[in-house]
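Listed next: structures, encoded as structure tokens.
Look at the two complexes coming up: chain A is in both, with chain B in one and chain C in the other.
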Partner chain A sequence: MADTTVLTVSDLTVTYRGRGRVVAAVSDVSLTIDAGRCLGLVGESGSGKSTIGAAVQGIIPADGTAEATGRIAIAGRELAPLTDPAWSEVRGREVTSVFQDPMRSLDPTMTIGRMLNRYTGSAEASVAALERVQIRRAGEVLKKYPHQLSGGMRQRVMIALALAPGPRLLIADEPTTALDVSVQAEVLGVLRESIEDAGCAVLFVTHDLGVARHMCDDIAVMKDGTVVESGPAEDVIARPSDAYTRRLMASRITLDTDRTRPVGAPEGAVVASMEDVLRGLERPALDVAAAWSAGDLTWQDFTGPTASVGAASGREDVHLVEHVTRASLAVNEVNKTYSTRVRGRRVDNHVLKDVSFEIGYREAVALVGESGSGKSTLLRIAGGIETADTGTVDAQGVAGEGTQVVFQDAGASLTPWRTVDELLRERIEHTRTGRGLSRAQMRDMARSTLELVGLDDSVLDARPTQLSGGQQQRVAIARAVVVPPSVLLCDEPTSALDVSVACSVLNLINLLRHSLGISIMFVTHDLAAARLIADRVLVMTGGEIVETVPAERLAQDITTDYGRRLVDAVLA
Partner chain B sequence: MLVFVAKRLGSLVVVLFFLTLLVFTLGKVADSDPVRTYVGVNASAEAVTAAREELGLDDPVPVQFASFLGGAVHGDFGISLASKRPIADELSSRLPATLELAGWALMLTVVIGVSLASLYSRPGRVGAFLRFVFFSAASAPSFLIAMLSVLVFYKWLGGVLPAAGRSSYGPYEDGTGFYVIDGILHASPTYTWDAIQHLLLPALAASVGAGVALARVLADGISSSLSSPWARTARALGENEGTIVRRHALRNASSPALSLLAVQAGFMVSSLVVVEQVFSWNGLGSYLSGAIGVGDFPAIAAVCLILGAVYVVLNTLVDVALAAVDPRVRLS
Partner chain C sequence: MPFSRRRTLERVEAAPTARRDSAWSALGPGERTSLIAMAAIVLVAIIGPTLMPYSPIIPSGSQLLPPLSSGHVLGTDVLGMDMATRLVAGMQRSLLAAVLVTAVSAAIGTFIGVVAGFRGGWLDSALMRFTDLFLAFPAMIIAMAIAAAIGQSLGSAMIGIIVVWWPLYARLVRGEVRRVVALPHVQAARVSGVRGWRLLWRHVVPAVMPTVVVTASLDIGAVVMTLAALSFIGLGTPAPAPELGRMASDGMKYFLNAWWVAVLPSVTIGLVAFVFNYAGDALRVVLRRTGV
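Let's turn to the complex of A and B:
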């Protein structure tokens, strides 16, 4: 391994100007990477990590909105940030990159071969390049279009493309974030082997400390455009010196995380909601934040002998429920078949085969399974969005009203031209609780629910597009629980969120469940999150529930192939 | 791909059948008596009966439709009520005239669309001004543009371009009816150039609106292509902007542009009816307006059928082109 520096960034500052405001995306960042080394740039969204990734390739849009100062040197060659014409000689030769979204990062109108041959020189060389990223039957893959390949395959093609010119530096910008968890480990393995073979330096941009530890020799943690801590990966992970790094570490959920307590560091909004709940239960006042930090706070503290269903609405307790034996959601022998026509012949896709399960009062059940296993269809049927061909769904729980769904892409599930107030009112108006309420009363309900999910009054009159991803997800949850449903159905509610935001969303769901007695159905790929929320985990394969595992000892007890793969993916 | 083309051809035949049925039905329900148009208002009762016989109007309606359909397949559209000559003969010189004009107009549409596309998204005041000009041109009806262009190129500029007719020399005896092609076949540059000059103004009048619309869609497509993740990939692999536009963006932007072109081709066929009037172009359009004036329904039906067929065929061609450009259409 040659001990030469490939990338040097010194005092890099990048500012964006837009709508009269100047925002510093990156300020005074210095980094170096030696040949054969991998530097992990870790941070949450808005930390400036992707801006650095773009700056060292010279692909920050030069439309006058961005300005940069500082030095960038690649393989001994000095380059002015942003505008140096020499970038065109460096980019694609010395530096290449792998991007986050393999679904859209390849030109949909070109075959893989046509794209790859341009950079490898010949079809034979392309086959070799694909074989290096462990693609079998490379000759056939060359003739295919991107939409005919799976996400994992496309990302391998991206890696092959990026390594084809023999770069000295590879930028990997969240290369596995958009992939199915079980595929993520495979692709990371391929990436690591390929870059070891190629011997290039790697700048690995990620929000996931676990992935960074797995992939990188060194780690630099970024917050608000500056590097708060850097050093060898093991040191940073094992002995974080900065408070922010420690918070990031605490937000990581593993298969050993304590399920009975809130996860992560105490977060103001969630603490406030907890205090509200305790007040509603007329429990003795308690310093919630201190108890949380000390590890003395358990979910049990928020569950009374009676769960006050009206608490979320801020009204007097309407239904008081004690010993409940009736299931909140009962799914009985549900079948679903989708038919399509392929070359005039009918092809049946039996998505759900005699699926039955129950979710009890205040119980949480997680549903895991790979893409195409039928878990999302099951969620839609449970939520009444689709109907089953045969079988019954009974969602007449004792407490709460009906079912509500929180989707993965909260931004897309909120009507863009409605204000948050209107969005919440829409739900209230269509319930028994909301019947006969005045606008002002509904607004009060909305306000107190937003408080519960950690948003303040000002959000009420905002439209979804004016909010951040985390805020949108909270609004979606607020809409679902403003009138407590009997069952809350969550479809990957945290997968698109930063770890710390994901933590507060998970804490929030747990709090609502324990304080309001809502039953939860949680569809996910993330076994650690599933274990944290759920009492039982159902594993689905090929339209059937093949395994039911108690959450506590998930890692040890899960036996099916797919389940084991998910466990490995979390451990990786 | 072959399967795809075969499927499209199959549906083309079905659409043409229903088009024929529609045109035939319109003729039946239209409030005009074909016999009176044929023999005149002062004809005797015997003459009317004879004419009914001759025109086949005593047959049951399905039989009439069958013979109409059979004739149409062979290019026989019956007899014009006004001129009492076979419609097919009357159209034989007019169809090439319209097809030639339509072909050139379509070509000009593409030329205008592609060349304006880059001007369209130009930033600043120049861009805003250009967009204003394009927009006005696109919203003006084609006959207005036709009259304006006659005014400018023929009157003010002293006749740099001819503003009437198809040629200063008349047709070749053994020609195809497509004058530009005829000129080339007879190796006569003068004749060819003269035919092109005659084509320019009417083709321009018919294509300005469609061309601007096309430019707009292309410009939008290219700019959204350039901000797409795969354009970023190409940039990261060291491609310059020009290559990205040529190699990636144009192809991706052309699907919506092609769809639009198919729709515009339909409008163009109908705007030719007016444009031909302005430029005294002896094509289907001017024939149609004549036929409408005297209620010559078989002639109207024939023209409608032909224009409809041209439109359907164009659309099929565009569908096939779309499939060639976008593998997702072909392989889904």
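Let's turn to the complex of A and C:
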């Protein structure tokens, strides 16, 4: 069946060398894809999946920074794994691609029509090509520039462009990762249908097993540059044989995940934190990892006494309250308008319109909404980064001090030239708890909080750049809870992380929430993550809260259009 | 305890020397050469004059000896002063003046730029309009006018250049500060409760400094040239003090029968400017590695 095999990769090894270091990105990988089949290449960052995607497009530069050996054959034609002149006859014709960010891969100086007509030959054919990717009013779209289209539309145009030359092989590298979650499902649907029509072979690179299962016939799971498991999609998903695949599967959260228990497989750092918490609560020690694996561990086991102020700081004056009525965060009729000048005229953008809500003591609330709905502005106002035009925000809860924020990009939220100790100390210094404490006492607080988030005290004197993405996020969380806040505001804290790391961060937030008794406001696009953390989900549209749904009944009760799209976006 | 807690916590492997090594190894051969050349020039400028056998302002041989004469490697000038000695002394003078001018301009400009960018509002507008005032005049003309007004000396030339030089830094730094203030790490520090000067000093200024240092090192070459130009047209150091621009200017008269008197100082000016410019680029590569 040699004539139906479109892509053959055998024994591909790619090594990058830079600044005296040699990194093997891919070692000894072999793959084949037949015409009309879709192979999903799944793995976390650094697994080598994108390098394979680059190698089969011939875009690994032959300038000495990379070395590659092995065979690549596309439609029966032998090609070198590094760029050479032969590739230019193949690339853009036999092999085309859809990249992650359509804004960067479309030419901003050209109309869609000019780009597309080069392949289709005529405006009529271009209209037909756009209609195939379900773009309505294609004639108008042809006259537009990329920046005039929405993200979802751009990616559809990208798909149309990629399929226009009639390729034998299509590379889709994380084609929906950069898009708003609510349009991801639509774009994936369009991609799926168009590639079925086109009948080409597809290499689908993704970090998301759920998306891979939805899109692909076969799946190859990659880790550290090698394929650890491959086979038909359903088999790999339903009966993963490799331990890593199983862990990846367990890390996936859906709308059916049990929210009363930790998710995923037991993980060293979180287990350590849990033991720490149990010791702090003076509960009997138990084999946390075993209980977790057996599914016997619930968040209830870690719930600290009500209003135990200063649990993380180890202070003596822990005072207990039986019943708390005061809200931890009360947002009252908050308005915010941004004004810009467009061609000399003032344009007002009313971002928040009389927004009011409360977060109770120990309660967790998720705020979902599309980009521009005002949810991030609300978080910034609650966090004191911006001020409201009118209305009040009260974060004087019964326990904890003020609000703290965990940002989306933890790496960027840590000042690169300050040590972790200095960063944590800064927070302690500016609280009532920290008043009058010596440097050594503050360092002890920092140390015990780092332990609580699963980091060794060697991290204290490290700078953020020396830490991995997951470690940075944990340091950011440690800074936020070293003096427990009344409300912890989380701004998409997991969206930039790999699934397994995201999973452990979610577990950590849940653990801290239950053991420290802090309230949480969780801003996100990801309904599955929102449901896992929050008791209530608020849906925001156009600067207003339009819907409040209990997390338990999220999938059933959510009614707004945007909410439904978010539910659809969580691919089971 | 069924688990050893120590073992499951994550550590970082700190390698204190790794950063410096990799900064050096990130540089190409040209950039390395430029940094070494810069160090060499600075060294010669500092200790060179004390090693020279002659005085730069007392004639020590016959007039207009060509280069490679015995006892005078680079020859002598029209008064019989040793060229090599004068060049080294002139380099010291020019570099010292240039470093001073650049440092003072950068300090004034950085201060004003930081205040304007961080405070914003009316203070920002006021400071920036004030800055624009200086930028509006042609730099060379202002410097000439000031130098001419205070009198002919190296000091007045330096003051003239500082007056026209600082606004560039103010502009640059203000833009950088405004960019940095919007970065997540500054907002995160605000959330931690850090405010005012402390926020500025700890979280904003360190991000701006690499840009200032790189710009300053690039500027040193330009300031050397400008000082030389002012001296060349008679507004800098009076004769017979060794100053490269002055030497080039005076030597022009004898260009046809003693080329070295004019050419050697000119080449030295060019060399210093070139090396500092190139080294500034290398410095940028090193400093940019911190991110932000």
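Operating definition for what follows: the second predicted complex is superposed on the first by the 514 of 572 C-alpha atoms of A that agree within 3 Å, B and C clash if a C-alpha of one lies under 4 Å from a C-alpha of the other, contacts with A are read in each partner's own complex, and residues count from 1 in each chain.
Quick note on the criterion: a contact is a pair of C-beta atoms (placed from the backbone, for glycine too) under 8 Å apart; a residue touches a chain by one contact, two chains touch by 3 or more.
The shown structure was predicted, so the numbers you read here are calculated from the model rather than taken from an experiment.
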By the touch definition at the top of the document, which applies to A:107: first (chain B), second (chain C), both, or neither? first
More chain A residues in contact [chain B versus chain C]: C
Tell me which partner A:547 touches in the superposition: chain B (first), chain C (second), both or neither. neither
Which partner does A:145 reach: the first (chain B), the second (chain C), both, or neither? first
Scan A:458 for contacts with chain B and chain C and give back first, second, both or neither. second
Give one of first, second, both or neither to describe whether A:84 is in contact with chain B, with chain C, with both, or with none. neither
So in the superposed three-chain picture, is A:358 touching just chain B, just chain C, both, or none of them (first/second/both/neither)? neither
For A:93, using the defined touch cut-off, is the partner it touches chain B, chain C, both, or neither? Pick first, second, both or neither. first
Take the contacts of chain A with chain B and those with chain C, and give the residues found in both. none
How about chain A: which of its residues touch chain B in the complex? 57, 59, 88, 91-93, 95-97, 99, 101, 104-111, 119, 145, 147-148, 158, 161-162, 165, 171
Quick one: in the complex, what on chain C touches chain A? 1-3, 5-6, 8-12, 14, 22, 25-26, 183-194, 202-203, 206, 290-292
Under the stated contact criterion, what part of chain B meets chain A in this complex? 228-230, 232-240, 248, 251-252, 325-328, 331
Mind listing the chain A positions that touch chain C in their complex? 19-20, 268-269, 271-272, 275-276, 285, 287-289, 380, 383-385, 403-405, 407, 409, 412-418, 423, 426-427, 429-431, 451, 454-456, 458-459, 461-462, 465-467, 471, 476, 479
